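Listed after this line are the structures, all set down as structure tokens.
Across the two complexes that follow, chain A remains constant while its partner is chain B and subsequently chain C.
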Partner chain A sequence: MTATPLLAVHDLAVDFHTRDGVVRAVDGVSFQVNPGETVAILGESGSGKSVTAQAVMGILDSPPARISRGQIFLEGRALSGLPEKQLRAVRGVEIGMIFQDALSALNPVLSVGEQIAEMYRGHLNMGREQARNAAIEVMQRVQIPGARQRYSDYPHQFSGGMRQRIMIAMMIALQPKLLIADEPTTALDVTVQAQILALLAQIQTETNMGLLLITHDLGVVAEMAQRMLVMYAGEVVEQGSARAVLDQPAHPYTAALLRAVPSMTERVDRLPSIPGRPPNPLEPIPGCSFHPRCEVAQRCCSQHPGPDLDLVKSDRQARCWFAQEVLSGGES
Partner chain B sequence: MAKVNDVVLVADAVSLEYPLTRGIIRRKQIGAVRAVAGVSLQLRRGETLALVGESGSGKSTLARLLIGLQTPTSGSIEVAGDNLAQLSSGQLRAKRRNIQLILQDPYTSLNPRMTLKAIIGEPFQIHRDRLPLGKSRTEAVAELMATVGLNPELINRYPHEFSGGQRQRIGIARALALRPNIIIADEPVSALDVSIQAQIINLMLDLRDSHQLSYVFVSHDLAVVRQIADRIAVMYQGRIVEAGPAAAIYASPQHPYTLQLLAAVPSRDRDRSQQPGQPQTVVPDDPSSPEGCSFRSRCGKATDLCGAVRPELSDTGAGHEVACHFPGSDSAAAPDQDPAP
Partner chain C sequence: MSDPTPAAELSLTGTGTGTGTGTVTGRGLLGDAWLELRRSPMFWISAILIALVLLLVLVPGLVADAEKTSSLTGGCQLSDSLQAPSAEHWFGTDQQGCDVFALTVFGARPSVTVGVIGVVTTTLIGVVIGLTAGYFGRWVDAVLSRIVDVFYGLPLILGGIVLLTAVRLPGIWGVVLVLTLLGWVPAARLVRSTTIEGKNQDYTLAARALGASDGRIMFRHILPNAIGPSIVLAVISLGAFIAVEATFSFLGLGIQPPVFSWGTMISDAQSVFFAAPWTLLFPAAFLSMTVLAFILLGDAVRDALDPKARRA
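And then the complex of A and B:
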């Protein structure tokens, strides 16, 4: 931990100021991404994973959202508090972001080639012809068949997978150090998803780019990430090496989530499900926010929030009073 | 072999074509898109038949045909022995109560201005005779809510007051109202979080047993299908390319497309980052062609034969059918040569 991490997020908290009161969407999230590393944030809807990504990117809808605490560093430079103009220079150039829905992220009335070329013209002051060539080159890099001919096509003329490639092309155009991918393959068919994931892994090996991957899909985490964070109700409940967390979870939520995922290899009579439902952020739960759904919860869990992310074993942290028990329970 | 009276739903060589036209004033048909092409299948009592495939494969369109929301261009659909196309509208309405639909999106498939009582009770307005004897509509709705695990005290609430999983329960309660024996479920758990998805799948399995339901389960999620399906039909570009008992298809898939689908599912036990630069097949956007096997442009095994002759579904034993000239579980899982031009 001597080298400066590419991205460091420290004690981040994001509030949404709504008519019904202040909702804390993200609370005390800290993590790091190193160059060439893939870190996954796993969570269900409402867990705060996308809000975390948006805060890092500096694209929170504000208002109603506001970063109420914490700091974000890119290569040691504090991003939080930077004026919008300087943030713009970071976004796109040093940090790229791709979204689930490429169709709504692309401009429908501009050809895809022009949209990619715009990155070069706007950020690198390239001339028209030079930008056009650079755009075609990056379209070839993301393996769009017939890139030169398709330069003038519009987003609606591409399939979902091809649109996702175009968005990736646009985002890696300026060789960012960090790419944030928010559910990049959720809307895609599995065969196309496999291609896009392989493409991202390949680009990463070539450029040593850091990748922050936001997903709800455990399979995607297992295939892509070296380290992972599990979020529940705005908090990180567990983090560590992806392989280790998936093999042997220490937080009861992670463990329950892993059991609930249907298996491809065997059929069970009854899928283990997690009872109840995620908490309503407007009605915070006293104590640990997972305790009403937790099978190991004791009385203390309804009175005290889980301990601060504790070192359960080397390279593993879990926010649960019974993490050791869950961990050893999974070993048997 | 199933007994004849065990079959509750039959599709026989069903096709649906959309005409392609040119011109605004003098419209001229210049071709047709076959959304569903010559599909035959049977649904037996108490079984779950899964339709799987990628977007655009025709699986949802087939589901709409089965329930009679769309009329096939050719072929016939029989529900409990009656051809839907030959029924009068009154007979069709009576028939429809036996076959109900559950939709994917619990946010858009419920009317936001109606209470649960109105939503779940609405089918009784049309089919009054299906109201259980001696019960008021409110009582019937409360009972349905309890059946699907919703608190009956919430009967006067509106859909927006419920979470995604609870809304899907509302949709299921509505589908159960007329005591159907067939339910067509189009991606019923795709919009739900993993922890909730398992609850809904378990509920559907329980209801299948307690209400003697048969399901047609449309899904792109092969892990979910693994848990619920008895038989599977794999669709590609409007056709069934492989069909058979679920266990057989997962244990030894025969069609190259099924192999690719299964291989593409992200797995907890695989680490893609350790094997960068994996071979990829990038498929041109529109590989459709009139002749030959429609999958050949993505297939590692394709030969000239595949370009000339479309393979028909044929039985490889024990009801496992495949439409491929070169079926088998071997080699062709991931073609690593360049995509076909």
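And then the complex of A and C:
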């Protein structure tokens, strides 16, 4: 990582100012994405992974949300603090974002073609005709059959997978350097999911763009990502190469998640689950935020917050006092 | 998935059956709505009715004789007062002996003018204020919403009486002024609420993530979703506005004799309703028919503007 990374996030913290108090949704998150690389952020609902993505995009709903700390760099250029007008020129052009539910992320009263053409008209000031042809071209690139004929169809006339393709077409229309995909396949069934992931991977190899994949699906991470971050209660608890983390977790949370994945070869009656519930962000847990649900927790875990992301191995960091033990436990 | 029509996936021609197949027309929302409207019988019925009303508004002289509406020209004879409908007077005569048919024909212009202009101005003001308040929120919304509340608390009739007594603008323009100043509140509230709803939709967030400007989001993404409900409100207000014109004329603040409208005819007929029901019946029927035609048109247009309601 000697060259400037495509995206660098340093010590990001996001607060939500609610009536019941200030909620820290993201706390001290740092990571990088290089061109052509896929980085996955894995976490359960409420772990702060989507908020991280929205912060990078600069589309946090503020108020109530506010970036209270940290910086975001795109190719070495600080995005945080940039005026809205300049940010607009970055969004959609240099960073694209795919949403989970394409049906609600597409405007129901505009035809899909018009919505894609809008990208060209809004950002490149193309004429109507030119924008339409460009839109049809990008629809063909995401393999929509009969793109020319379907230009003037509306979102509800497409199937779930086709809608997600439209969404992707919109996002890659201006060939962004970075694509953020917020649970791009969660709303789709498994076969369609595989097609969409294959399409994303193909586009990525063609254009060498960086992909930041937000997901709670370990299978998606295993298939797509080179590096991964695991988030819990707004903090990154583990990060490293995706293969290494999945093979040999160093944080008890990651280990517990992996145990909850059904195996193809073994037959079990009941899948193991993680006891307890995700913490309520309004009631911060003293000590390490995972300790009430943790298997290896000791008394010290309830008194001291987890260590800063510790280098456990080369290119592997985890936020746990017992990372080495968890790591070696996985090996046995 | 939630896709209600899996068959839609297969039909590649989409909605454009009226145009050549296989060509990309890119008609847009309004173009598609027009294609849909052309196939709607409700649209044609209402369009024919509205065309007839417009004929009365624009060239009443084609249909009836203007002389029969005024005593000044000798067209009305008191000796003919309150005659029942006959071959000579199709709709009978009123208390002054004027021909109710001619009155009804010539009364269309002020009524429809007040209604249509009132609806257009109130809808425009309502859209601008509602969209601004709903989209920008925070203090903009706080200020505009309080202004809306102030106007909402003002009774239309009472406010109109005060206003018209103060400015002394007789005839239909005074009524139009009152309607414009006091009648935009429901439209503003409706547009504000649909805007707030649209602002929180994923597609608005997506548009922001794509770098769309505020203006583009407002006019390309949020406003088209607010058109449907606004049209429904507009056609409903049309009837109400025509009635308001009648009320002001009845109170002596709107249209003054010798000018008359459906509204003044209806209020004049009240005293003689039992002796001569036709004096009330015919202008009222025309009024209802006009309002009904606009409501039908509004319904058809709203359906055509909603892509999901279309037969694809």
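Everything that follows uses one rule, which is that the second predicted complex is superposed on the first by the 330 of 332 C-alpha atoms of A that agree within 3 Å, B and C clash if a C-alpha of one lies under 4 Å from a C-alpha of the other, contacts with A are read in each partner's own complex, and residues count from 1 in each chain.
Following the convention adopted for this analysis, contacts are C-beta pairs under 8 Å (C-beta built on N, C-alpha and C of every residue); 3 or more make two chains touch, one makes a residue touch a chain.
Note that this is a predicted model, so its numbers are computed, not measured.
Student: Kindly classify A:Val190 by the partners it touches after superposition: chain B alone (first), chain C alone (second), both, or neither?
Tutor: first
Student: Report for A:Ala89: first if it touches chain B alone, second if chain C alone, otherwise both or neither.
Tutor: Touch partner of A:Ala89: chain C, not chain B.
Student: Name the contact category of A:Met224: first (chain B only), second (chain C only), both, or neither.
Tutor: A:Met224: touches chain B, not chain C.
Student: Taking the superposition as given, does A:Phe158 touch the first partner, chain B, the second, chain C, both, or neither?
Tutor: both
Student: Name the contact category of A:Pro108: first (chain B only), second (chain C only), both, or neither.
Tutor: second
Student: Let me test your reading of the model: by the given contact rule, A:His216 touches which partner, first (chain B), second (chain C), both or neither?
Tutor: first
Student: Does chain B (first) or chain C (second) touch A:Val261, or do both, or does neither?
Tutor: Once the two structures are laid over each other on A, A:Val261 reaches chain B alone.
Student: Per the contact definition in the header, classify A:Gly28: touching chain B only (first), chain C only (second), both, or neither.
Tutor: Neither partner.
Student: Is A:Pro64 touching anything from chain B or chain C once the two structures are fitted on A? First, second, both or neither.
Tutor: Touch status of A:Pro64: no partner.
Student: Which positions of chain A sit in both the chain B and the chain C interface?
Tutor: Of chain A, residues 145, 158-160, 162 contact chain B in one complex and chain C in the other.
Student: Under the definition above, what is the set of chain A residues touching chain B in their complex?
Tutor: 38, 44-45, 143-145, 158-160, 162, 189-195, 197-199, 201-202, 204-205, 216-220, 222-226, 243, 246, 256-258, 260-265, 267-268, 270-275, 277-278
Student: Name, in rising order, each residue of chain A that touches chain C in their complex.
Tutor: 57, 59, 87-93, 96-97, 99, 101, 103-111, 113-114, 117-119, 122-123, 128, 132, 136, 145-146, 148-154, 156-160, 162, 167, 170-171
Student: Spell out the part of chain B that touches chain A in their complex, as residue ranges.
Tutor: My answer: residues 54-55, 163-166, 193-199, 201-202, 205, 220-224, 226-227, 246-247, 250, 260-273, 276-278, 280-282, 284-285, 339.
Student: Mind listing the chain C positions that touch chain A in their complex?
Tutor: Listed in rising order, the residues of chain C that touch chain A are 1-6, 8-9, 12-16, 22, 24-29, 32, 201-203, 205-213, 216, 220-221, 224-225, 305-308, 312.
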